[in-house]
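What follows is a single structure, and I will ask about it in a moment.
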Amino acid sequence: MDREGKEKQKKEGFSVARMLEERGVSRRDFLKFCSTVTAAMALPATMAPKVAQALDKVQRPPLVWLEFQDCCGDTEALLRSANPTVGELVLDILSVDYHETIMAAAGHQAEANLEKTVKEFQGKYLCVVEGSIPMKEGGAYGCVGGKSHLARARQVCGSAAATIAVGTCASYGGIAAAAPNPTGAVGVKEAVPGATVINLPGCPCNADNLTAVVVHFLTFGKLPSLDSHGRPLFAYGKRIHDNCERRPHFDAGQYVEHWGDDAHRKGHCLYKMGCKGPATFHNCPTQRFNEKVSWPVAAGHGCVGCSEPQFWDTSPLYRRLPNVPGFGIEQNADKIGLAFAAGVGGAFAIHGAMNALRKDKDGASENQKDGEE
Amino acid sequence: MSDKKFKQYIWELPVRWCHWVNVLSIVVLAATGVLIGNPVFIGSSTDAYLMGWIRFIHFVFAYAFLVSVITRMIWTFTGNCYAGWREYFPFMGAAGRAEMKEVFDYYTFRSKHPPETTGHNPMAATAYFGVFCLYWFMILTGFAMYAEHAPGGTMHSLLKPVYVLMTTQTMHLYHHLVMYLIFGFVINHVYSAWLMDIKEKGGEISSMFSGYKFTTSPYAVCKSRLWDFFPWKSKK
Amino acid sequence: MAKIVVDPITRIEGHLRIEAEIEDGKIKDAWSSSTMFRGIEKILKGRDPRDAWYWTQRFCGVCTTVHSIASIRAVEDALKIKIPPNAQLIRNIIIGIQGVQDHVIHFYHLHALDWVDITSALKADPVKTASLAASISDWPNNSATHFKAVQEKLKAFVGTGRLGPFANAYWGHPAYKLPPEANLMATAHYLEALEWQKEVIKIHAILGSKNPHPQTFLVGGMSIPVDPDSQNALNADKLITIKRLLAKAQDFVEKVYIPDLLAIASFYKDWAAIGGGVGNFLSYGEFPDPISGNLWFPPGAIMNKDISKVLPLDQQKVTEYVDHSWYEYQDGQGKGLHPWKGESEAKYTGPKPPYEFLDTDKKYSWVKAPRYDEAPMEVGPLARILVAYVAGHKESKAAVDLVLGKLGVGPAALFSTLGRTAARGIDALLIARQTPVWLDALIANIGKGDYRIHANEMWDPKTWPAEASGYGWHEAPRGALGHWIKIKDQKIYNYQAVVPSTWNASPRDAKGQRGPYESALVGTPVAKPDQPLEILRTIHSFDPCLACAVHVTDATGNELVRVKVS
């Protein structure tokens, strides 16, 4: 590239295609990648050129990644993101200005990076949030740089172009919000109601879905359509059950009864082992994990429903139904229901017996005398 | 008090039909529902489609039940006064409350006079109101879970409030639990019908087939009127 | 005397804050504080013990298998379940590759930038870099063309003026000592390791559906079925893929990680005298033999840097203090509680955020202070390798002697920041070589027709005793991890995890004894107090993992069932 070209590039910033080219990714591979993300976003194939065009133009919009009450699982998922050579680079198309787990800077200098981006790119940067936000004790359950998570969320998410809540914690409060929610943990949307938030729940979220959302945003300048829980339809528009490779076994009535039994080895349905696929919206069966190697049901363990709000309190791993509120853990719906029905039956049996013994005044006795017609 | 009994046409045809369609649907829905929740059967091969058929039957009867419940609700506005919607709120009027007390006292062995009612006895009618609420809960949660096979479809869109109120797992749980409440109602209902059949000597049980009950006082068959909202009038 | 604060400590898991007092260019005193709390152990109360592994797995997404392992071991110990050989071997493979992958990520992506100045790599000569690399390893990617390509990419990236995650670091700090060529080599391997790590961890996906957070653990075994005649189970095809990935892992460790480690270490030998720490080491041992249950890495403790003997362990000697942690004990503080009796209520008494400094004389962390036999203990690869070395573990002894020989230092050099980082490499090497052995054993066992993966007898909670208690130990990548559980009426009555970073990040105890981070920092030179790179080096050498470290339990067995209808 000549000097002028370099200057021009410097002025215009980076284009994804050019960057990929510099990284040894051919135009052909780039277009292939664009079709892959287009497919991941469930857009028609005709959209692929538009995606490519959009990515061509993008000038590395800044992205900041905040970690609150998290386990870092979503960051790790990002490190395993699926398209081996290019998937990673898609994150390079962004300028990841702040991410505690990967950034080189530390302490005050790290905080300065964040403040700079928030100030200079007000309303233009993307924010990714991992982890829930504790509301109790004035935010003392989570602090970075002496500032509470809540204060940071309000500042950073509040002035972002859009906030992507990755994982179930950032989306709905997740594990920290499970009963009795000691820290008053909530998801981003609840903590900062004014922010534009898209939820990518999952424990952890599938990095392919995150990449697809970012590309969608860059391509169309807006977020994808969401369902009533704030999740993009392209990734959460269908039940696991309806895309499950083991569905024929469910319909046929072939179920795993014990771990390692014949049915388990043959890949029968895990419904009776507590699989929550019928109650969970996610694209795990089709998108899979770790470059489409596998997903829980394929590896012999039922779905736990990790992308559903409140799944921690409503999805015991190995039982179909949640516990009945107000009863002990071993009290499932059937036990309580049968006890209730038996109670009613017993009560009326006694009532019946008492009735058989009693004598009614104007009914039985009088009618008996001359009641025959 | 006269001993003479008059044969009266109380339960019109739609009332009886709805009643028995409900009975059949509840039995089938409960049986298939229990199996769906806990499939104790074993499909012989992958093409067996056992669970498929059981779910299909469940859904067919769910629709039958829905039609029956809706029909019965329409009939509360078009049928005779015994089928009328005011029957289900006896506690709204003084006379109704007095009657309720009479029945309650008899049930709890405080009175020895078996109450005589021409249509629904007011205790039962109140219970039916509660049961109709349970029916609608089952219909809404049931169809909400059913509609999840086609998110974004018409049914799914119509039922959106249900998804906002409950997660799918919660729906599964309460759909399952309310079944037991309906079991409780059925036990109560069959027992009370049998009891009243004996005590009232009005042909309570056979009336659900024939439509005729035997009462001690003659009266004209009444019509329910939509606009006849208040004041509450005893039907006597 | 200046007090400095580093918060956030980046390139770690979780939220860690270090406050340090500096006098005459050296750290005089230091305080380690965790600033995030979730209370998962409290949330666990009243739930199904069979589910606990899934919950505790969420302690941490980096060491994403370790809490599952410790949790199922604790429940299995409480219920006296013996798992089938296949399950034991599959667990060993999962643990093995987790350790190797985790160490490589730590070295390149979390720790390397403390030693490697990426900006200096721009000045390197790719040809010289290639000859430097060739002198230490025959890794095929170490060519001048490759290094030139990396340098070009780096130049283009820096040319944009937008450094993203590399912006505003301590580049050009006087404590960076590598020549430009070594910096370029390390940067190239930083990028290569990024590709490598997501390949080798596919073993977790094959055996456990995904990584992070594999979903395959069961109390009593594993949920991945084994059947060479089924396409839905662990069959020859999948086993051979695992074998290939394990070979890839071993290759990278032998040809890239270890040579880089030795090359970088040779420029930083002064760090073999810095960051010594508490001098007490604890290792729980790991890799049970599927038949005998004997551990491949021996367990034990070393006290006061005395490498003449390894002390046997007694789990009753583990206690936790809360004198400087934001919790309350019912009977008051000042004494430690064993995890089975572990009680505490979170009680924040620190400053109201936003704050400048914590009150380090009082309570200052969400991490409790665990002690073994009343002493603070360092855990991690260094502890593991030292214990194995002293106990006479053949493979460890050979590897340690080799590395010490190459660096030309004695065993005493291990008690340092550099020693900790070197021990991690040795650990990765040993495990990378041993994991294929477990795989071969698994293949042999399946070949014999043993397809069992789960002990079913105790699966149904109805078969359990009314009360049971157990503990599960696991020597995780970051060190000694223990879960303690009490089960009552088929429910979790009490749950307590004492995890590696709780040991290492521990604040002071009742006697005022510093925790390992705090001890290790004392005496560390700080050239520029406003750019405390040296603090990062020592802290990162421990591989902190803070989300794991913070817990709380509750003494009263509350029922925890809630279905929120919102």
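By written order: A, B and C. Residues from 1 in each chain.
Here is the rule we go by: contacts are C-beta pairs under 8 Å (C-beta built on N, C-alpha and C of every residue); 3 or more make two chains touch, one makes a residue touch a chain.
Just so we're clear, the structure is a prediction, and the values are computed from it rather than from any experiment.
Each chain gets a centre from its C-alpha atoms; the one nearest the centre of all protein C-alpha atoms is A. Taking A-B and A-C together, the pair of chains sharing more C-beta contacts is A-C. Rounded to a whole number, the gap between the C-alpha centres of subunit B and subunit C is 62 angstrom. One simple way to say how far apart two chains are is to compare their mean CA positions; for subunit A and subunit B this gives 40 Å. Chain centres here are Cα averages; for subunit A and subunit C they lie 27 Å apart.
Shared contact sites, meaning residues of subunit B that touch two or more other chains, fall at 170, 173.
Touching of two or more other chains is recorded for residues 309-310, 314, 322, 324 of subunit A.
In subunit C, the residues that reach two or more other chains under the touch definition are 563, 566. In the complex of the two chains, the subunit A residues touching subunit B come out as 227-228, 233, 237-239, 242, 248-255, 271-272, 276, 278-281, 305, 308-311, 314-315, 320-322, 324, 333-334, 336-338, 340-341, 343-345, 348, 351-352, 354-355, 358-364, 366-367, 370-371, 373.
The touching residues of subunit B, counted against subunit A in their complex, run 1, 3-5, 37-39, 41-43, 45-52, 54, 107, 109, 112-114, 148-149, 151-152, 160, 163-164, 167-170, 172-173, 176-177, 179-181, 183-184, 187-188, 191, 195, 199-201. Across the complex, subunit A is touched by residues 5-15, 17, 35-40, 42-43, 46-48, 50-51, 54-55, 58-62, 64, 105, 109-110, 113, 118, 149, 152-153, 156, 159-162, 164-171, 194-195, 197-199, 201-202, 204-213, 215-216, 218, 220-221, 223-227, 230-233, 346, 348, 350, 352-356, 451-454, 456, 459, 461, 489-491, 530-532, 536, 547, 552, 558-564, 566 of subunit C. Across the interface of their complex, subunit C is touched by residues 6, 9-10, 13-14, 19, 22-24, 60, 62, 67-77, 79-81, 84-85, 88, 92, 94-113, 132, 134, 137-149, 151, 174-176, 178-183, 185, 203-204, 258-260, 264-267, 289-291, 293-301, 304, 309-310, 312-314, 316-319, 322-330 of subunit A.
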